Structure formats: structure tokens, C-alpha cells
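Here's the structure, in C-alpha cells; my notes come after.
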């Protein structure tokens, strides 16, 4: 039975609710339609969140993203809507959504929006040296 | 009816005025003239802003940038002027304009200027781990 | 009147039919459906061709690529079909189509197919030193 | 019913047997055991082939690669064996397998082996200008 | 006598317990099984820690990572478990574990979790200019 | 006295006419107008040539490129025209012009055209190992 | 009349003294002599400053940098001297000079020094998401 | 008279003791022996410091690094020892040593340690826009 | 019993002598002494070969490379010597050794030398499209 | 006794005259003067050659390159002159000189010239798979 696009976002219990930790997901296959011209728009979505009691289920996220394929949305609006849907389903301590849209009219547009659980405060980050990763094979 | 360059910057209502979020736009097709020599200058403009009640309309931004094609401007001056025009039209909570000019005399010049709405304060940024994006196809 | 997806590929006369020269086009916005699962597939298409009497018109190419959005196709098949359509419409001296599909099952697949006009032979390439291009602004 | 690792490589009919064209697949999830020490080895496999009457089925290739997980093999040997298995199943006009193994003892080892159908000759390649691809979104 | 995978993490005394300093280790050879489908999962682990009285022994870390090869674990869960094991064995002043999992369903997932010794506070970082390293040979 | 755009390409005598050698020039500041819409187009031009008796003078090349600023031209046409003008002025043994146009309609277009002096044949290239250059300073 | 190297740094009035903004200049053509051996040394200079009433004039900066060509200077010393000269001439609110010297004895040396106007305090930076820029042409 | 490896670190007077500034040195040619196996180990050292009255002399640093060639040292230990030696000789206001060791057992290890002069406090960094440097020639 | 540096290169039988295939090994840990000054020199060695009846054993190659640690050799000489030793031990159909030495006197030197078995001829290479590999995890 | 710039190029006997092999040298510290304006010009020189009986001595090459510091030369001319001097001193079987000049007038210029010993023919290159090198440490 093939999968279907769906607005429902499924979740599972956070396996480590005793600590704040970060889940980073990148979804490079977002497409919707331009509400003005009806032409396809494309974007890469990046989701970062600190879960509270729930985590978003990966396959469900994929079907949710698929559900925009036939819908018309403006860039600024759709980014905020997706964040709202995700925040409503996952109820995270913190969530940031970044949408990087493909070039239109020679201009590149990215949108970044955040949701924060009321009263939640991030532990100040321990600022370590950072190192670029490299493969451990050649070429 | 073909488009025309225009100093007017059109806007549309911010679809999510209830939160601070970031819109990032990159305009790689800026050109004006050097006021001293009359020769063409080129730059890449990057606009980052937190909208208040208005967002800048993409096509209008393109025509506005086009309007500098026949005008003479110094680097430091034109960057501040464009920021002033954008801030006046969009009345953002925060706006940063970065202009990276093509090399002149073997020297590279970039200019970065910011506008802040009186009384607006940024929510302190939640400092997450960051990951370099990669394509999900080969080559 | 908004544009519509269309299988028709429009052309215009080659402005320099007296010489073999290369036109390179990259179309990063291809999407169709998987014929097995119905789920969306994505690819970046690269078209290289040596025109004969005709060149493919850019906007028409965009609408043609759009026309696959609701269709089910396998990777190997759709790449060869698009090449066939393009070769039939443009009747080029030479044409190469490269499709780089997004990762599926942890495996990355690219397909490269070529069409050659009967009897056409490429002039042996003059092998020059090649240099990586760099922008002439900072950052 | 969950999948199982399997040595059987499934195929499907080549949809464009009338032309020589290239299928490129990258499988970054190969692991087997070192026959000397029993410790895990890792590699990234790249498969390039010109199909004849058959193409290798993607999911089957994944299960085939999985089948090496519990087996002990030397680098030079396993690369040639996988090529032999693939060539036997797909009977391609041409096939090249590249295995890039993770560093061992501070030394990086890659192995590249090829199979060619008796009597098959490649059409001399049309040597075009090549251009590095870039994303059409920012960052 | 060949090595065996082992859950035991060996340690050695921190040679410089009088100062807070950072040890960064990257382990690109993590693999376990998906608890749902039984199929292999892969990840690159990055461990950053400020040692207290103990440091983790490199070979022991390698055998520990190997011990997950036949086990089924979800991404979010296994990252927190490995951090817990490491923190229990090494009792560091601070520890951060980053797991970057290979793409599944077209979506990339990374998980970042931290452990902090009760009462430990990082010295505020001296923020210096940073420079990208380059090899000191050509090519 | 400020410079003016000019169609005239000035030359100077080739200082080493006794050998075939390559001159490579990159001009990142080309702009003209779209003949359909009147909107600005942008491109980076790369010129490679083997001089015969003449070399193109750098400042003159700059003014020549400037002369297209107010003119309407299609991509395929203007590339061939510039090549024709340069070949007529410099009468090189060999010349290749590459024009990489900025993205339009989400599609990237590059055009590559060549001119060869009648009867000239390139010495077959000595195929050496090539090494990527790196800066000899940090960062 | 050809230009001459000169220690004099010319300035022009800051066109936007009402706001703190950043001017970034990169000068890749610095060379002086080693005071010990007399051999040439090379460096790339990067100048970042927040202007007060004056900006440094680009051509004058070029001639100033040229003036070091015949002089002997140690790395640490010359960086501080150039900063002193620039700060004296431009009287900026803030200035940072970075000198990245070419490798000597297999060791790479960079020097970073800053000048701050008495009493000036930077507005705390609004910390936005940052995106890597990419060209909007191919290759 | 050829140079000899030496534990002595020579210094010279800081030419600008009136200000805090940063000296960054990268030494890619560190090698010592593994105390367990006797086999060679390799690392790249990066030294960042804010000098007080003294600066480390470059050639002396090179001979000092050479002095480890025949000695056995563990990664964590040798990094802290080198920092101690350098801090003792140079008596800096601040010093950070980063050692990036070559891969061992498939695991990459870096160590970062710092020394701070008692009572010294860094001036809070002025957080400017940063731009990637680029060479100003092609390729 | 710890390993010792050794000039002896051990081999094992080629598991696929029926075909020409390529083994690529990269050894980033070569160091010897400058015969003039006695100071350490460093290089990265790359070995590519088509085995005949023998393959070089990885650990033996490591110990062989180690054996140069206390020896004095010029760049051009040592590269040819290592190639001679390897060719004598492995008796390959073809072998290429590339040595990239660390910068000396501000100049970068690489040496590339080849050995070919008498009478061996390479099968002309099938020239396929090539694709840059990318990781299948983020960052 | 400090070194002096010198036009004399010293050589030493080729240690492996029995085979054709490639020496690659990169000299990033070339500067001369523009003969028109007297202003400094900069370039990176790359020298590739197949030695016959002689090799160029590294320090001598450095002093030779230094000797251009006070001389006026055009780009195309100086590249051919340096090649002539090097070919005369070293009498190589083959030599290629590449000069990449810093940007002037917004245009980048590279020059590539070759010298070939009368009657010398390169052995056709064995075309192997090539792999990008990566460091074997992190970051």
C-alpha cells in the first residue's frame, strides 16, 4: 500500500526528556506552487529543535512535507505555517525552521523562524573549539 | 508591457507579525557608475531583516536595484542610501545591508550597515550546533 | 495569464550556425513521481548541446520540465525520454543530458545519455590549461 | 516483513538498449570484516556502467551490499568479487567499480576495477567544456 | 589474539587535571541496526570533552563503538545512550556527543547531546580571530 | 579625461610570436540588456587565446565589454558576436570565449564558442600531473 | 604622470556619520623586506573599521601599502605600525588590521591588532542566521 | 653550521606591548613517537597568543618542535607539555595551543589547551561581519 | 613486540591477476632529513599501480616509509628511489609515485615518477562522466 | 652573509636521467613593476618540467625570481622571458611555465608557455582514476 501525503505529523516519546538536546533534520525535497503564477517553487528545509516530551517521526515528516506539493504559498507565509504545524504537533522546548528557496528573479530568499516554549531558557552554550569534519577515505 | 527601473519599493503585509523572524535576500546583480570616472561598478547586495508590519516585495526590490544602473555613487555612500530607502519603505524591526563590491585597484571593499527600530531588542539567540548543508545528489 | 506546464518544446533559429559551439543549461528544479510508490522524486538536469539550425527556448524548457510533475517515471527511463524529446525538437548536432537524482535507499543515482546527429563529427578539442573561476569580490 | 541481506542481484530490462548511456550509482554504506583481525572495515562504493539488456535494481543492490556485513574480505579481493557478481548479473557493455576504503594504519586505499563485454567499444567521447554545479539556493 | 567488541570503556589518568582543556575525537565508523526494519544504519560520531581525572582510551573507544554493530537502536535514543555510557566511564567536567546519521527517506538527521558535571562552569572563552588551515603542500 | 565605452579593440604586438602559448583572461563585469524585456542581464566572460601577431590590450578589452551595457542581446547571439569581434581584431591562431550568464527562470545558461585560424593545428598537449594551487598564507 | 608610493594616507568625509557601520578592505599586495636577511616578505592585509568623521581613500591606501616595498620590517612590528598610521589618519571609532604573512621556515604567521576610540562602545551585534554566498552562474 | 633541534625557546621583545593583539602561528611539521609502540606520530600545531613583554622567535620555535622527533609522548600529554614550555618561555597574557593528530585506529584526535596570565582579562571582542578571503588571481 | 622500520617490502599474491585494475594508496606520513642541513623534511606520498602477480602489503609499506625517518635525501632523488624499491618488490604492470613535499623557501615542490613493465600497454580508458562524491550525512 | 637577487639559475645533476619524470614547483612570491605606470605587479608562478641532465636548484630559483622586483615588464612578455631563461639554464626535455597575475582593471590574466626539447616526445600518459587528497587530521 503506497504512502500518501498527509498533514498529520506523527510523534514518538522523547527517549531522553531529562536533558535539553538538539535534533537537526534537513529536508531537501520541499516543493509547493507560487500562489500568483501557479508555477512550482522549491526549497530546502532545515529543522532544529530541542524536544520536550515528543519527537517528530521521520516518515511522517516526509509525508507532511509532501502535502504541500499541490498547494499555493508565499515564501514568508509557508515557512511560518510549517513552523506553527510542527510546534503544535511536537510541543518542543525550542524549534527553529530555516527555508532556503530556489532563486527567483535573480534574487535568493531564505526565511528563518523560531518557536520557544513559554518559560524555557537555554543553558548557555559551552563554547568549544570547532573542527571541520573530513572523510576518512580519499576522494 | 516590459518592466521599468523604479525607486519605489513595494511592500506586502507581514504574514507573521506576532514573532521576530529573519528574511534573508541576496541580490547579485547590482551595478552603478563610479562618480569620478563614470565607469561601471558592480556589487552583490545581501539584505537581512526582521519584518515588522511589512515585507519588501521581491520584484519591486529587483526594479529598485535596477534603478541605480545609470547613477554615479561612491561605495560607502550608496550602501547607506539603499539601507535608508529600504528602512523607510519597510519600517523593519531590524535590517542589515551588506554590499560586496568588485575589486578596484587590487583592493576589495565591502560595506555593512544596519538600521534598528527604536526600542526594539533582539531575543538573545539560542546557540545551536550548526551543520554545513550538502546536496543530496552527487556531483 | 499564468503559464502552464507543456510538453511542447519551442525553439528559435541558431544565431551562429556556421560554427560548432556549446550551449550548457542547468535545470535544478525537476520533479516527477515514482511509478512504484507514487512518492515524489527530484533531480537536477544538465543539458549540453551543439546546436544545428535551432536552439531550445529557455522558458519553453522550463514549462517542459514542469510537465513531468504529475507523471510517474523510473530514473533510467525518464532521462532517455527527455533526451529523445529534446533531440527531436532541437535536432542538434550533438546533445548530452545528465540527470542527478536525489538519494533513494541510501544510494545516489545519476544517468547520462547522448544523442548525435548522423554523420556529425566533433572537431578535436584544443586542450588548453584550465583555471578555476573565482568571483572578484570578498566572501 | 523486513528485508534481508541477499547475494541475489535483481535486474530489470534496460529501457533504452538502442544507445550506450551511463548509469552512475554511489553506495556509501559498505561494511565487511577484516579477515585477519575480525574488525569492521568500511568503504564507499561507486558503480558506473553502460547497460546492455539489463539494469541493476536499486533495492536489490542495497540488500546485496548488506550481505557483506558479516563476511571477512581483503580490500583488493572484495572489490574484484563485487565487480564479478555485478557483471555476471547485469551483463553490461561496460562496468567500473570503485571502492574507497576508510584509512587503516594511516594509509588510504582505493581500488578501481573494470569489466568490458567482449567486442564492445566505447564511442569516442565528445569533449565539452565542463562546469561545476552550484546550488540555486543560498548557504 | 584479535580484538573483540566490548561495552567496557577503558580510561587512563588525565595528564593535566590542573586545567580545563578540550579533547576532540571523531569516530566515522559507527553502525548499528534499525530496530524497525533490521537494516543497517550508519553515523559519524564526534566527541568533545573536558576531562576531569580520566581520559577515554582510544582503542577501547573503538571497541565500544564496534559493540553496537549487531544492536537495534533509534537515532535519538542511541545518541543519548552513548553519551550516558561515556559520561559514566570518564566522569568528565563537560562532554558533548554529536551523531550525524546517514540519510534516510531523503531526510538527514543529526543529534547533539551534552553532559555537564554538577557545579562545573566553563571559563568564558577568549574570542580570537580564527583562520582556516591549509595544507603546506600543493594539491 | 574619463574613459568611454568603445567598440574598438586595441592590440599590441605579440612579444613571443615564435611559439604557441596561451593567454587566459577573465572578465567578471559583463552586462547587457535582454532584448525582449529590456531588463539587465549579467555574465562572466572567459577568454582563452593563442596569439599570432597581436595581443588584445587589457584596458581596451575593458572598454569594449563596457560598450554592451546599453545594448539588447540574446545569450547565444552575443557570445558569438563578441568572439567574432575579438577574432577580427586580434587575428589569433586560436580563441575560445566562454560566457556564463546569471540564472534566469531558475535555469543557468553558459555558452562556449571557438575560432581557429585556417590551417593552424595545436601541438598535442603534454599531459602532466596537475595539482590544485593553495595560498601560502593561512585562512 | 605615474603614481608614487607615499606614506600619506588621504581621507574623505564619512557619508553616514550618524550610524556605526563597518568598512572591510582586503589588500592582497603587501610586500616589504626582512630586516635580517634583506629578502622579500609578502602578506595579505585585511582592514576592518567603523568610521567616525573620515574614511580612508582607496587609491591612497594602495600607494601607502606600496611604500613598504623597500623597507625592512618584522611581522609583529609592521602590523602594529600600519595600524597606528591608519588609526592616526582616519581616527576611526574602531579599527582592526589582520596581516597574514606568507610561510617562512615551514611556519605560517598571522598578526591581528585593534585600535578603539576612547569611550566608543559597539552596539551589541544582532546575531542572525548566516548563509554562505554562492555565485549565480555555473562553474 | 647546520641547525640542531633544541628545547630552548628564544624570544624577542614585544614591539607593541601597549596593546593586546593576537599572534597566530601554524606549525604543520610536528612528529614524535608513540610511547607504546615506538611508531611515529604526526600532528599539526596551531599556536595563538596575546604577547606580554616577549614574542617567540620563529626559527627557535621550529627547532623546538624538531626536538620532539625522537621522543615518546601521548597526545593529551604532549599538547599540555608544549603549552607549558611555551607559556614559561614567552610569559604571554594569553596562549592557546591546538594539536590536530593524524588518524589512529580510524579515530581522529585533536587537543586544545590554554594558558592565561593571572589577572589578565580579554577586552570583549568587537563582533564584526566576517568575509572569506579569496586570492586575487585565477585558479 | 613493537614494529620496527624496515626496508623490506612484503607482498601478497594479486587476487585478480586476470585483469588490469588500479590500486591507489595515499601515505601522508613520510619524513626524512635534508642532506644539506640535517633538518626534517615532510611529504605526502601517493602510490598508484596496476598489480601483476603481487600486491604490496599495507603494514609493510608503512614500516618501509618509516625507514626513511633518519636518512638524508634530496626531493628528486628520494622519489625515484622509493619508486625503484617498490617496482622491484611488487613488479607491477604499471606504477606511479607522487611525492608532494612541504613548502621550503616559499616554494612548493612535487615530484611524479612512473615505472612500466616492459611490453605492458594500458587498455585505452573508457571516458565516463565523473561526479564529485559527497557525504551522505550533514556537515 | 645575506642572499642577493640574481639572474643566474643554478642547477644540479638530474638523479634519474634514465626516465622521464615530472617536477612541479610553485612560486607564489613573484613581483615586478608595470612598465607603463611603475606600480607593482604580482603573480604566482607554476613551473612544471621533465628534466634531462639538470634540475633547477630551489634556492637559486628563489633568488632568480627575486631579481624581477625592480624591473618593469608586461605580463605576456615576462612569462616568455622567464621560460626562456629557465629553459636555457636547465635544458629540460619539456617545460611549462604558468603565470597567474593579480587582477588589474577588474580583469584577471594568466599566461601559459611551453618549451620542448627538439625531438623529445612524451610517453602517452597512462590514464588512471584520480582521487582528491584530504588531510588525515580534522579541521
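Per-chain numbering from 1; labels A, B, C, D, E, F, G, H, I and J assigned in written order.
To be clear about the criterion, contacts are C-beta pairs under 8 Å (C-beta built on N, C-alpha and C of every residue); 3 or more make two chains touch, one makes a residue touch a chain.
A quick map from chain label to UniProt name: A, B, C, D, E, F, G, H, I, J = NADPH-dependent 7-cyano-7-deazaguanine reductase.
Note that this is a predicted model, so its numbers are computed, not measured.
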Taking shared residue numbers divided by all residue numbers at the interface, is the value for chain C and chain H over half (same) or under half (different)?
same
Between chain pairs B-G and H-I, which one is joined by a greater number of C-beta pairs in contact?
B-G
Matching chain pair for F-J (criterion: over half of the contact pairs shared, by residue number), options G-I, B-G or C-H
B-G
Matching the CA atoms of chain D with those of chain G requires turning by an angle in degrees, to the nearest 5, of 180
Most remote chain relative to chain J, going by C-alpha centroids?
A
If you average the CA atoms of chain I and of chain J, how many Å lie between those two points?
25
Any idea how many Å lie between the Cα centroids of chain D and chain J?
41
Go ahead and note the Å separation of the Cα centroids belonging to chain B and chain D.
46
Centroid distance [mean C-alpha coordinates] between chain G and chain F, Å:
33
Could you tell me which residues belong to chain I and also touch two or more other chains?
22, 24, 26, 28-29, 44, 100, 102-104, 106, 108, 110, 112, 128-129, 131, 133, 135-136, 138-139
Note: in the complex, chain C contacts chain A through residues 2-4, 28-29, 31, 36-40, 42, 66, 69, 102
Report the residues of chain B in contact with chain C in the complex, numbered from low to high.
42-44, 100-103, 108, 110, 136-139
Chain C partner contacts - residues on chain H that touch it in the complex
130-136, 138-139
Within their complex, state which residues of chain G touch chain I.
102-104, 106
In their shared complex, at which residues does chain C touch chain I?
98, 100, 103, 106, 108, 110, 112
